[in-house]
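Please see the structure below; I have some questions.
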Amino acid sequence: MALLEIQKLTKRFGGLVANREISMQIDEGEIVGLIGPNGAGKSTFFAMVAGFYQPDGGRIFFNGEDITGRSPEYICRKGITRTFQIVKPFEDMTVLENVMVGAFLRTASPTRARKEAEEVLEFTGLANKLDWEAKGLTIADKKRLELARALATKPKLLLLDEVMAGLTPTETLEAVELIRQIHKRGIALFIVEHVMEVVMPISHRVVVLDGGEKIAEGTPEEVAKDPRVIKSYLGEMDHVASG
Amino acid sequence: MKESKILSQENASLQTKIVSKGKTVQGVLLFFASLALVILPYVVQQPFYLHVFILIFLYAVMGGAWNILGGYTGQVSLGHAVYFGIGAYASTMLMMEWQISPWLGMLIGMILAVLVSLAIGYPTFRLKGHYFAIATLALGEIFMIIFSNWEWVGAAVGLYLPILPSVWINFQFTEKTPYYYIALGMLGLTLLVTRLVEKSRLGYYFRAIKNDQDAAKALGINTTYYKMVAMAISAALMAMAGTFYAQYVLYIDPNSVLAMSISIQACLVAVMGGVGTLWGPVIGAAILVPLSEFTRSYLGGSGSALDLVVYGVLIMLIAVFQPAGLMGLFGRNQARRKEA
Amino acid sequence: MLLQVKDLKSGYKGVPAIHDVSFEIKKGEIVVIVGGNGAGKSTILRTISGLIRPTGGEIVFDGRRIDQLPAHEVVAAGIAHVPEGRWIFGRMTVQQNLILGAYTQKSEEERLKTLEMIYRIFPRLKERREQVAGTMSGGEQQMLAIARGLMSRPKLLMLDEPSLGIMPKLVMEILEMIREINQRGTTILLVEQNVHAALKLADRAYVLQTGRIVAEGAGRELMEDERIRKAYLGM
Amino acid sequence: MTTEIVIQTLVSGLLWGCIYALIAIGLTIIFGVMDIVNFAHGEFLMVSMFIVYSLSLLGINPLISLPVAAIALFALGILSYKTLIRRVLDAPMLAQIFVTFGLMIFLRNLAHLIYSADYRSVAVSVFQGRVEVLGIYLSTPQVIAALVAAVMTAAVYWFITKTEMGWALMAVAENKNAASLMGINSERMYALAWGIGAACVGVAGALLANFYYIFPEVGALFGLLAYVVVALGGFGSIQGAFVAGIIIGVTEALAGLLIDPSVKYVIVFSVYVVVVVLRPKGLMGNV
Amino acid sequence: GCTTTTQPKETSEKQTEQGTTETQKSGEAAEQVSEIKIGAIYPLSGSAAATGEDLANGVKLAVEIINGSYPDLNLPLAKDAGLPNLGGAKIKLILADHQASPEKGASEAERLITQEKVVALVGSYHSSVTATASQTAERYGIPFVNGESTSPTLTKRGFKWFFRTTPDDQIFSENFFQFLDDLKEKGLISDPKLALLYENTLWGSEVGKFEKQFAAEYGYNVVEDINYPAKSTNLNSEVQKLKAAKPDILLQASYVSDAILSMKTYKELDFNVDAILAMDAGFIAPEFLKVLNEDGEYILSREVWALDLAKNKPMIKLVNDMFKERFGTNMDGNSARAFTAMLVLADAINRAGSVEPEAIQQALLETNIPAEQLIMPWKGIKFDPETHQNVLGSGIIVQIQNGEYVTVWPWNLASKDLIWPMPKWSDR
């Protein structure tokens, strides 16, 4: 059975159809990439899966349960955690406290939450900024914090919306490694990212949106060769190759 | 990379040491301060000064109650007088109608306040920022008008509490000292509750909600539920203060226990002291109450409103120079450490 | 020399983020600053544009000290800063955003001319000019931010990670556009994580590490540099 | 109850609604730009009324004192900004609220100190009496105030949405740093917002002084309603404030007549609560 | 001075005992007392501050007359300087501000008693504040003489230390109906329709309650009964409701802001009645006429005092002249009552010959001041031994004629004829 199954999901903003009847699925332990031009509807799609937008049509099943239209917190408790493309750290709290908030989903004990948070921070490489106030972090660090916080909720499926943006190529490699580590922990990942150096090597499957519609789906190789994808999204691939 | 990690760990343990040393110093100070407060009535024989202390405790409880919702959870309520009023009216009516001891009345009032707070919170917690603040303000006024027209609770005429023998069960005393200890006890309770909240999951969730509700939801926090929890705790403590007020002043009417000014005072105390901090409301009350009492005593008799001019200027000065509240004067080092 | 930065020190709330940074930009150049996450690249740009006050050093632009000027006067002096995180006016329309970009440009006629040019470069913006900017997608917003920076017709355009969150096809287009803008006579100071592309584009580049400049040279030169390849290019 | 009385009440409510709107516009401007609720707004109104009163003692026609009051309040707004608000721009919202709260106490009692607590009225009012239209009485000064409210709403709306300076104000409102990167002097814009907001309430006060009694606490009466009007209309929305003012005015009048005067404000406040529960950003809020 | 400091450890019984011994001590010292501190708590800031100032002025004048020597005035203690029985000791007045808040009123009472060591208190205008301030006085066993709070409840609490000189709202409300009956007798009215308008406060709603009660008792027909929120920005709907009910006579109870506002609205909306019978307060505040000028004409208000009473009692003019000289305005019902309360208190202290609370209390109980020695139109001052309410007080009804408050009822005190009905707005 698929971990996440989405049937004909649709979202409109006034006249604009941001998502039109998109169906797809993610299996347990899978890494799926979601790519597409700016404005294609990726973040909107994430927002619906995570319960932040009410779909105008279609259904979402997680672990066989219909979670369409459920609240974000319900969906999170069930095991789907998202990050935000436009980061939303708890600014007045320290890095550690931020992550503890995530950890509290699975434990009520502050000591345990703290231990888990420290572990996650170690894992994500933020351990040396434990007691920084989140507002003092650079954007890239804030994105890492988003990731750490989400991880601390112990999700089964992690929705990452451009958490790898803004890294140097070396840092990108580290990030890819980090994602592999997360995956090793048995967490399925659904990743939106424009940096092909991240998406292509790690995704088992890639879904492509354009203008709110799904235009392609397949292995990274298949998708990268798809002329529609090249035309509307990848453009000339020379810079990708150079990575 | 590895090196820097080790370094920072060292740093961290160093910091913990400093912090724990700071904590012991704090603990010792706290112990002596509490001791001083406990023996104070034996030293200070002037009832008026005891009265001022009682008011400080009372306002610190109100500010502390407000702080749970407004300070930690970031939901600025300007209608907390509702719960204060419920506390005052509930214990008074129970006493007058059924001779129920105000102590029990206080508990019932707290429960009623919690119920009302949930009824208020459920619809209004979908509002954000100023919309929520004004909605609570409006609801506060609505309660005030309803009580002013409600015959059974004395309407606008208010209620004169019957003078009962000065025994503990009656929560009425001819002397100040018992009131002093009760108020001190209530303050202790408020601080304890705040401390427990602060250190537990609740406290983290409250602060998360204050910072970013969407992010909180994404981490599985049922924001409405936790806001209601904060509101309920806040309302219960506020109602407790309300009962105390009624028993202390022995006359209540909508104007004195349900007025907007009560809500604003509770908020002001917390803000001046420092919102979202344990001691903020205490410091706020310790500054504001004497300020108001003494400016009025020394300047108020002239009838020129000079006292309130001075009061207004002082509030502006504090807000301008210590916008994070007077706690900022104490907590600065800690804040630096976190930012650095 | 269009911009000279000498021994610049700056930071946040007393915590220094850059230390004694010195560099220069000649008229007509594209200069790139690269460096890891948190190195202080954005801080340099913010200090130049007056968003934060330097704690030491000098900034001379076009022969004039600007390090003590407030941000709005720096713009008037001819520097546009397209910040990290875009900062578009989300509640206003695309067109209003653009016109505000030309706030220092008082001639209506000039403004319209610039606007026309911008719409030629970014047809997407023309198509969406009545849309409320906040509802546009991330990439669309980034375009708007760059376009808005150009509206003031700056002598020096500073761009902070313009490719952040932009689809691959557009990344190339944007970098291409930067080259075009440069060829039309605007000097460029670019901060970019997309080190390959940026170094390719750059006339000269500086490498920043924990608030200090550790290397400089022509773009292609640096790309060959073994240390740089290791530290930033992941090779 | 005759239809005539209902209509008369409706009309009176409408006029008062316009006056509430007139008072609220200044508040919504300041909020829209600064995200700060000025708790001293009612006191700005009071100051304006006292200015008109003081000038009337010198025999100056309220028509002339109206622009004087507007200018004086413009200055007061800027002064408040420069001396107080500017210093708490980066402080938490609560500190901002309390600066203005302190300002409220200060102004109210300063007026008391200077003018004593007495009630006063402007002796040489030009806008006097009432007009009768089809058996409906309209108080002349109120009609004038209502007209000014409508004109001012339109003017302010035009200024904010159609002029470059208006856009600059909105830009600063949204993101001060981004605006300064556009070359907009945010300091000046903030001061301007306070100036304009205060000037608007100055006009309101000058008109109100013609038919309302004046005393140091008069601001409290209108202040609370102004907050509710602004919140109902949607913080920062000019048209919203106008519509909300009228809704509040009419609701108040009809509730008093048809239900019971003692609960008229229960109805008024309930309207606000119900509306925002259904539309959490007020009628026309976009913030 | 007199010390009433109590030891916190003592039980209440012991406290009384000790209080007695201490006061005895101070009683012995009484002969050397040169200054007697009396506290006065009034609303000196806030929305009632104008009235508060007026009241404070009344008290100040009384103190001046007591402390100075004014042989022409036939008032208690006027002739001699100070209190003769205490060796000419002077009264020292300590004013305090309660900001119309019951809590602050109690707080000020506390401070005046324990810090300033006042021997007695006067005040506090607002009945709600008098309620709490007098409670504090009761607890400390300090006499509290109230001259101007009219809630009947105040003297029904069984307090030992609380005394009230003014008649209460029950008496005043009844006065209206006695007046109406008198009008009936004169044939000015037959079966008038009454409307009631009163503010939604302690005072207003109590007045409303009594008016309804007496209307029923005296057999009058109430066609509209409006309890309106004080501090309304406008009173349009209230007035429309009144218009719809078409009453002949309006009975109104409002503080000054609403009194002014309502009159403006009556005029604006052309609401006419034969008479407005006002329950003083706002309608007799000095600002009422200052703001309204001729629009305030013909209002009938119950009062306890009017300047034209000087016709029968020339002393009233003398006192008023002194008042006017010092404070620039004429006295009114409020300042006259506050003035009287202070005289009553001083008189008692003098007769007690001591500042010992119990002695003052005893003297107050024995108070018997004849009508001639009052500036009030009362039959005298004598407190009911149980309730401590002055049983000799009564009200008058005044009408505003040509900008003056003239007494029109009771007929025997009237200085001018009643103008009935009041002219319609359109005929003015």
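In this document, chain identifiers A, B, C, D and E correspond to the written order of the chains, with residue numbering beginning at 1 in each.
What we mean here is this: a contact is a pair of C-beta atoms (placed from the backbone, for glycine too) under 8 Å apart; a residue touches a chain by one contact, two chains touch by 3 or more.
Heads up on the chains, UniProt names are A = ABC transporter; B, D = Amino acid ABC transporter permease; C = Amino acid ABC transporter ATPase.
Computed from a prediction, not measured in an experiment: that's the story for all the values here.
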### Task
Starting at subunit A, find the fewest moves between touching chains needed to arrive at subunit D.
2
## Note on the structure
For subunit B and subunit E, the touch-path distance in steps comes out at 1
#### Entry: Neighbouring chains common to subunit D and subunit E, by label
B
### Message
Measuring between Cα centroids, which chain is at the maximum distance from subunit C?
### Response
E
### Task
Report which interface contains more C-beta contacts, comparing C-D against B-D.
B-D
### Query
Comparing centres built from CA atoms, which chain ends up most distant from subunit A?
E
#### Entry: Between subunit E and subunit A, distance of the C-alpha-averaged centres to the nearest whole Å
75
### Task
Indicate the whole-number Å distance between the mean C-alpha point of subunit B and the mean C-alpha point of subunit C.
49
### Task
Would you kindly tell me how far, in whole Å, the mean C-alpha position of subunit B lies from that of subunit A?
42
### Summary
The distance between the C-alpha centres of subunit A and subunit C, rounded to whole Å, is 28
## Note on the structure
So subunit D residues touching two or more other chains come to 109, 112, 117, 216, 262, 265
### Task
Identify all positions of subunit B at which a residue touches two or more other chains, and write them in rising order.
145, 148-149, 305, 308, 339-340
### Query
By residue number and range, which residues of subunit C touch two or more other chains?
none
## Note on the structure
Counting only contacts in the complex, subunit B reaches subunit E at residues 41-42, 45-48, 50-51, 55, 145, 148-149, 155-158, 160, 166, 174-177, 245, 249-251, 253, 255-256, 293, 296-297, 300-303, 305, 307-308
### Summary
In their shared complex, subunit B is touched by residues of subunit D numbered 31, 37, 84, 87-88, 91-99, 101-110, 112-113, 117, 216, 224, 227-228, 231, 235, 262-263, 265-266, 269-270, 272-273, 276-277, 280-282, 285
### Message
Could you list, by residue number, the parts of subunit A that touch subunit B in their complex?
### Response
50-52, 71-74, 76-77, 81-84, 88-94, 97, 100-102, 104-105, 108, 110, 113, 127-128, 130-133, 136, 149-150, 153
### Message
Can you tell me which positions in subunit E touch subunit D when the two form their complex?
### Response
45-50, 52-53, 200, 226-229, 231-234, 236-238, 240-241, 243-244, 256-257, 260-261, 264, 268-270, 285-288, 290-292
### Query
Inside the complex, what are the residues of subunit B that reach subunit A?
4-5, 8, 12, 15, 199-201, 204-205, 207-208, 210-212, 214-223, 337-340
